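Two complexes, one shared chain (chain A), two partners (chain B, chain C).
Up next, the complex of A and B:
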């Protein structure tokens, strides 16, 4: 197992940095996702770790050894490509044997390892097939097997699920995550799909414009986002205005204890996730903020409500469809104090 | 166009293209002493004359040898050029393509004259076959280039990247991944180079060294002083040879040969 350390890594193609001085420490056996919109530098970062792109500045260390000047073929990585990149003129077995032959491993051991890895990806009996005779999901698993059979120091995956249909994608998420845990290999996974990053990773690195916006566990990223951009990228969010005054933040939902050092009079943004909120009938006897249902969208396991507050603000709420409200109904919004997360001052209001 | 009309149209074109060939083939079986059509009686006598004609036999050997050498050189240069063109030429892509296809656009006689000046000015001259082979390579290069680029366009660069990530160096990646996958284009291009080189007249005529003759030149020489069906026999053999190459390539590569 390998510990990977990325230090002040920068890539500049000549039109301003595509990756701008990022640093990440990846622990042995950790599953890290690089998450961000297209053009945020996540794929460039992965290519630099693999060696397909030279770093303009900075270091990449595998167990303390700088590999920046080591060519791809000597870096000992396993890589899974978005389009799988299986060799079309070779059978599954030949595809899997390729990396082992490069390592001058004996014929007998190659055969043994291929049998083992095919079992692992549940494709025993497919050794003689050509890639074109396999389904997308099967090709995906062969690509994984080909990367893992060489027992590399680190596994790199570049949006490997992007070409699969929705149902298969969810199956493969679980499959890849289970496999990674069993093998215990240090893994870097690139994706623009926040659900994928959250369900699979130990930690998520959110990137925007070549910089790291936040590194943290999936719940850090979702519940305690470092700024508005991160909060919006990893899911739906309501932005609530609050005003700081004598140790509390006053919001339309009541007063919260002031977290962080904000001067009195500063207006700040608070993140409130749509599913953190409870909707209650008006006559339920509990306290809450009155609101009116503007519209609702039923999706089976959840109902999405758009609510109008008295001051004209809109709040999105997701609930289980136990009690249904119709458009135009008056309701009470109950939002627990600890579900508000401060995202920083609204510009120009700092006192 | 309606279907029957289209069929007739195609038939006329084929007749137009193939009739001269048919005439030559039929004339080669002429039993008479002169190249006439329709033939006066059927016989293989002119084939026997041809196969016993040491001058023609030598010309055929020379042509085959030059075609083989041309094919190898053109194959190597054209293939590497096509790989560069598709994967690395970037913004120069269009310029590279035009430069590579230029020999097709220039009249062969101009190319031949220019080359003649060239080989003399750099001191190679026409004492050896070297100048002629340069000319043949120049003319056949675009055919290799077109065929291999067509194959390269459907080559996914991530195949090379995957091989590299698995530990394959530059040469192994080329030999085990890229070459097998672009083989149809390479073989197709090389066969084209071979057939076209076998058929080139103008360049060979200008650049040949004294005392050697390729088959087309020898045939031309022969027809200036003789008018026997032996010329038709030579032509027929040449047609058959070409046909064999085409059929082999079709069998091996199928319609992929015609993808450009």
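Up next, the complex of A and C:
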């Protein structure tokens, strides 16, 4: 098991930094995701960890040893590529043996390890197949097995599920996560899919424009986003305006206890997740903010509502379909005060 | 024509022009050569009455002709090998290099084809001759005392043929390499292979179909090349194609010339088929 430490890592292709001085400490056996839109620097970071790209500045340490000048083949990494990159002219067995042959491991041990790893990825009996004779999911598992069979220091995955259909993708999420836990290997996973990052990772690194916007557990990222960009990238969010004044923040949902150090008179943005609130009938007798259902979208396990508030603002709400409201219904929105998360002042309103 | 008939004959009508062109101007003349090779030698006429094997007998009984076929095959082999060795790195660069180089490189690779073959061959005589640019330069620098024999021999022919046929080697290999996902090499590197090993174990075997296609093209073109061998080889070194033309045009021996042409075609075809079989087996292994 290996601890990976990335220190002030920068990559500049000559048109401004693609990765701009990022630092991440990855604990032994940790599963960490680099999450962000395309062009945010997540793939470049992974390539630098792998050794396919030189770092312009900064250090990458495996267990304290700087590997920046170590070539790819000497870094002892296992990598899974987006398109699997299985060798088409080799059988599954030959694909798996490749890395072991490079390590000059004896034929007997190679055979033994291949049998073991094929069992692990549930592909026993597929050793003689060529990659083209396998389904997408099976190819994916061979790619994982090929990366793991060499028992590398770290496992790097570059959007490995992007080419699979939705159902298989969800299965593979669980499969990869379970496998990683069992093997206990330090893992860096690159994805632009927030659901993937959230369900699989111990911690998520959210990146925008070559910088880290936030590092945290999936619930940190979702419930306590560091800024508006993170809040909007990770799931749906309602941005509620509030005005700070004498110890409280006044919002359309009532007064909230002031959080953070904002001067009186500052207008701030608050994040409110669509499923964080409850919808109640107007005559339910409880407190709530009155709203009118503009439209609703039923998706089986959940219903999405677009609601108009009295002041004209729109709020998205997601609830279980136990109680259904029709378009045009008057409802009450009940939002617990602790579900509002301050995202900072609205520019130009700082008092 | 009703709809059913249109469906049936439509495709046939579309290929008819090409089929007629090839049939009349290629297949029929070839068949004529085959028939001609069994004719009696003529006296003042292209061929005599009746059929005979005497032309083939003349070929097999004269070591001169068999040697000439062997020479031609050898020149074809060396030309192909030289094109492969010189062409592969260029093909790789064209397939994987940066785009600025690619556009320019593509133009350079195709440039030999832009100049007529006669002009190009005369160009080589200017460079390769005893009084040519290369020999005069080398003698001028005092590197050699007398001119190197670069012309009127197999070496000169190979040099000129390599120049002409290099594009036919480069283009198929380039397209084969372009079809190889670069992430395969990256995967090999990540598994512990050096750049050289990744090339040898992954890129090279996967580009074999391109090597095969390019080699067959260059080999066949070399065997049938006429203008370049006749200008550069002169009277001293003759390839089969030159001898065939001599027999047909200079000495007017149509039946014997036809037999020579067929022997060249058959030996060439055998080499190509054997080579194809061998490389296909290698590809599967």
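A few comments on the model shown:
Just so it is clear, the second predicted complex is superposed on the first by the 351 of 351 C-alpha atoms of A that agree within 3 Å, B and C clash if a C-alpha of one lies under 4 Å from a C-alpha of the other, contacts with A are read in each partner's own complex, and residues count from 1 in each chain.
Quick note on the criterion: a residue touches a chain if its C-beta (ideal position, glycine included) is under 8 Å from a C-beta of that chain, and two chains touch if they have at least 3 such contacts.
The structure displayed is predicted, hence computed values, not measured ones.
Because the two structures share chain A, they can be overlaid on it, and in that overlay chain B clashes with chain C. Contact with neither chain B nor chain C is seen for A:49 once the two complexes are overlaid on the shared chain.
Within the superposed three-chain model, A:77 lies in touch with chain B and with chain C [touch as defined at top]. In the overlay built on the shared chain, the residue A:19 is in contact with neither chain B nor chain C. Contacts of A:88 after superposition: both chain B and chain C are touched.
When the two complexes are superposed on chain A, the residues of chain A that touch both chain B and chain C are 50, 52, 72-74, 76-79, 81, 83, 85-89, 98-99, 102-103, 146-147, 150, 156.
Those residues of chain C lying in contact with chain A across their complex are 181, 183-184, 186-194, 197, 201-202, 205-206, 283. The part of chain B that touches chain A in the complex is made up of residues 156, 158-159, 161-169, 172, 176-177, 180-181. Those residues of chain A that touch chain B in the complex are listed here as 50, 52, 72-74, 76-79, 81, 83, 85-89, 98-99, 102-103, 146-147, 150, 156.
Residues 50-52, 71-74, 76-79, 81-83, 85-89, 98-99, 102-103, 146-147, 150, 156 of chain A touch chain C in their complex.
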